[in-house]
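By written order: A, B and C. Residues from 1 in each chain.
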Amino acid sequence: MSEQINGGLGVRRLHARFGRQEVLRGIDLDVAAGETLVLFGTSGAGKTVLLRAIAGLEPAATGEIHVAGRDVSVLGPEARDIGMAFQNFALYPHMTARENIASPLRARHYDATEIERRVTAMASLLRIGHVLGQPPRALSNGQKQRTALARALVAEPKLLLLDDPLRNVDAKLRYEMRLELPRLLRRAGAATIYVTQDYREAMALGDRIAVLREGRIAQIGPPETIYDAPCDVAVARLFGDPPLNLLPCRVQPEGGRLRVEAAGLRLLLDARVAAGAECLLGLRPEAMALTREATEGASAAQVVAITPLHERFVLLLRTADGVEIVASTTGQPPAAGSQVWVGAMVAGALLFEADSGRIIARRAAPEVCAA
Amino acid sequence: MERHDGWFRALRAMALTLVLLFFLFPIFWILLMSFQNNEQILRLPPSLVFRPSLGNYIALISGKLQTSAGVLDITFLHNLWNSVLLSTCSVALSLLLGVPAAYAFARFRFRLGEDIAFTLLSFRFAPPLLVLLPLSLYFQDLGLSNTYFGLIWVYQLICLPLILWIVRGYFEDASPDVEYAYRIDGHSWWRAFTRIAIPLAGPGIAAAALLSFIFAWNNFVFALILASADKQPVTVGALAFVTASGIQYGQIAAAIVLSILPTLALALYAQRWLVEGLSLGAVKG
Amino acid sequence: MSSVLQDHSAALRRRPRLTAWLPYLLSLPALLVCVGILVPFITAAWYSLQRYNLAMPMTRGFIWFGQYIDLFTDPDFWNTVQVSAIYTIATVGIELLLGLGIALLLRERSRFNNLVSVALLLPLMTAPAIASLMWKLMTNPNFGVLSWLISLLGVHDFRWASDPRTAMFTVVLVDVWVYTPFMMILLLAGLRSLPPQPFEAARLDGVPARFVFFRITLPMLTPYLVTATLFRLLDSIQQFDIIYAMTQGGPGDSLMVFQVRAYLEFFQYTNVGTSAALMMVLWAITYALSNVFVKQWLKLRERAHGTA
């Protein structure tokens, strides 16, 4: 990790401790200007504390924070040049939407006409121009959310912190905003940290994703890497709906490759591991191959249940020796109760050490784990 | 949950009538007396029908009391003014001291924080004379006895706990995120406090101020011990007035009416918050 | 454009964080007032260990607990304890029962009930010292309307506060008049905040009213009853205004409660030491009570505000 800090955000050795409990245990993070980093993790992982520490709202935090090349570690939140959107919107209830959005501009001493121009422009961009005169209590949840975003964006801060801004809006609006946000964020050009608990949102919005676990960054990388090459079982399970199948397996080196057998499935993987090691085979539901006839390496299974999910069908299968496997398919699914053959696509197969849960690196795969 | 048969209703109506009679009759009767002259007051049996006169009030306001022994100067209006001055200034000072402290106790966990808060609360329940008697000796040494300044300082014993604990509740009820958002916008801590935190706790602050005004106005013992006639509020002044005016009962009644009118009016205005104030913020109405 | 932007974000002044100091800074003024009050408190404790009479400065001296020993062997002191106890128990007891009764009568939320409850608050908003004067006028032997009413009942020569036999009754009456609304309003708020489900269920099951009251209403109301009662106990045991304004502790020493007696010791007999010792005894009682009270009070407060 280089000590050079770019035009965006640089976080170094960030710690936070509440009494005995260490909430952040040394976070190092860089977000380039114009980049969106999604901060992802289960609740209690420290996402909100990290965000508040970067904003300067967490007195318990120690470490260095640089925004646009400026060390802001000892500065209050008002001097860090950031915009932030809160989960609960945090609009000022005694001001109109217009005054809410104008607040960062007033703090920066813009003159009245410039404030009016910018607020109007930002409001029309977010399609809330018609409610600018209303107080927050008169706005719908969607309008509140857009007002909060407008307030965060309007002063063109160097750093944007978005704390799960879509959590409290309904599904339709969340879908709309997920399409709209990348455009807005690209236009803003700021380094952006986006906190979410929804892996789809993370995959859709993040240039990179940082997975936070127990106060540490477990893995950081582009969405595809996190999905295709998670650093351990826990990260792998966080992404994907339904989550991946984890099958205990036997491994046997065979001609420079590795023969893997689990629940009647047989695969040849490009990986190296000691013979007889305890391993887990991770197979994403969409990486399962279903056929009606017997195929090489496949296992016979019965379709137990079928559930439609978005544009796909999720199938629960049970193999002859009673192992349950989840598969998903976009095509016409086989009928419930029918017999199928289930195999796995080699490209989508992940192999983990059984006791540590760490991934067993495939040959030619890059080092993916941060720690 | 209740049986609404005729007997029950009749009993309930009778009970309520008795209750209202007991609690409101004294105020009503004193009000009547304040419009009567001594002759009318002394007539037995008392009569509800009489020719009301404003004589008592005129005497109080003009400060000249006609007695059999001649014209007596009365300072009751000055007492009234003292009450206004003492209560208003005490509440103002209390707000100045109490609102920032309430905010600190609501927003920050800090060493000594709870200790200070509870010490201030305990003032509300400590016997006032415990502090007042030694204080009267100190005040003589410090030159504070019989000064408005000294009285206003001691009145903090009544106003400060009330304001601190009610306002603290309101600050606790407001989400800190709204203030954080304002600071992130680029506003200083002070502006977030004055432009966001205080306006949002506004109703609570107003309620606490009104209530502590009432309690300061109604206080008796502080001024009894620490003030002489020229600085005394109506509560003490009225007592002295009774002794001075002898048998001018109508004027006493008028003085009583003038003394309790401001607090009763404020109480009616602030009744929505009375429960909260009376319980120091523990029960919401 | 970008130069304008630079310019404006520079308006966000560099300013070191003062978070660590801020809470102290904010509570410092209140703290100073605290200290200002704590000094006389400590002085009082100090005085209580001295022989100290303002009229006889030469005799001043440190006598350890001699003062307390004198006090505890003095029948006047025990008279004070007795009078205070009777006054406190009588007022709080009557106010509790009466206040609960009125609260139950006004329990349902209706325009009329709300109006009545507001009207009943007026005595509570009357300064207690002034309330005493009002009752003094009404119980005047010459023209007092209450004296006249009681004579209609055939009781002549009822001399209210000027008779040692009825003085206690009279001041308790005034206290009840002033403070019953306090009980009423707190218990009413409590009653109205109770969840309706148990009462609806009881009504559907046809549970008798008495059973509902003793087995549902009272247990659920207990936190409010305890808090309101402790609150009143703390105030009542320290009552000064009503008694002083009515009789200054007389006739004789029939109404010589703690604070009135301490006041007279101080100002009439200039006996600072005795007065301070009396107040320390009262303080010990109220301190113990207030510790119990604060626990109950905090529970209610948490219920009203989420976290304390």
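One rule holds in what follows: a residue touches a chain if its C-beta (ideal position, glycine included) is under 8 Å from a C-beta of that chain, and two chains touch if they have at least 3 such contacts.
As the structure is a computational prediction, the values presented were derived from the model and not from experiment.
**Student:** Give the chain pair that accounts for the most C-beta pairs in contact.
**Tutor:** Counting C-beta pairs in contact per chain pair, the top pair is B-C.
**Student:** Where the centre means the average of the CA atoms, what chain is farthest from chain C?
**Tutor:** That would be chain A.
**Student:** State, to the nearest whole Å, the distance from the C-alpha centre of chain A to the C-alpha centre of chain C.
**Tutor:** So the centre of chain A lies 58 Å away from the centre of chain C.
**Student:** Round to the nearest whole Å and give the separation of the Cα centres of chain B and chain C.
**Tutor:** Averaging C-alpha atoms per chain gives centres 14 Å apart.
**Student:** Counting only residues that touch at least 2 other chains, which ones in chain B make the list?
**Tutor:** 186, 188-189, in rising order.
**Student:** Give the residues of chain A that touch two or more other chains, as numbers and ranges in rising order.
**Tutor:** Residues 76, 78-81, 107-108, 155 of chain A each touch two or more of the other chains.
**Student:** Considering chain C alone, which of its residues make contact with at least two other chains?
**Tutor:** Residues 11-13, 15, 18 of chain C each touch two or more of the other chains.
**Student:** Okay, in this complex, where on chain B does chain A touch?
**Tutor:** 175, 177-178, 180-189, 196, 199-200
**Student:** Quick one: in the complex, what on chain B touches chain C?
**Tutor:** Spelled out, the residues of chain B in touch with chain C are 1-3, 12, 15-16, 19-20, 22-24, 26-27, 29-30, 33, 41-46, 96-98, 100-101, 103-105, 107-108, 110, 112-113, 116, 118-123, 125-135, 137-138, 153, 156-157, 160, 164, 169, 172-173, 186, 188-189, 214, 217-221, 224-225, 234-236, 238-239, 242, 249, 252-253, 256, 259-260, 263-264, 266-268, 271, 274-275, 278-285.
**Student:** Using the touch definition from the top, list the residues of chain A that touch chain B in their complex.
**Tutor:** 52, 55, 57, 76-84, 86, 88, 90-94, 103-104, 106-108, 151, 155
**Student:** If we count contacts the way the header does, which residues on chain C are in touch with chain B in the complex?
**Tutor:** 11-13, 15, 18, 22-24, 26-27, 29-31, 33-34, 36-41, 43-44, 47, 101-102, 105, 116, 118-131, 133-138, 140, 142-143, 145, 148, 177, 180-182, 185-186, 189-190, 193, 199, 202-203, 209, 212, 224, 227, 231, 234, 238, 240-241, 244-245, 258-259, 262-263, 266, 272, 275-276, 279-280, 282-283, 286-287, 289-290, 293-294, 297-298, 300-301, 304-308
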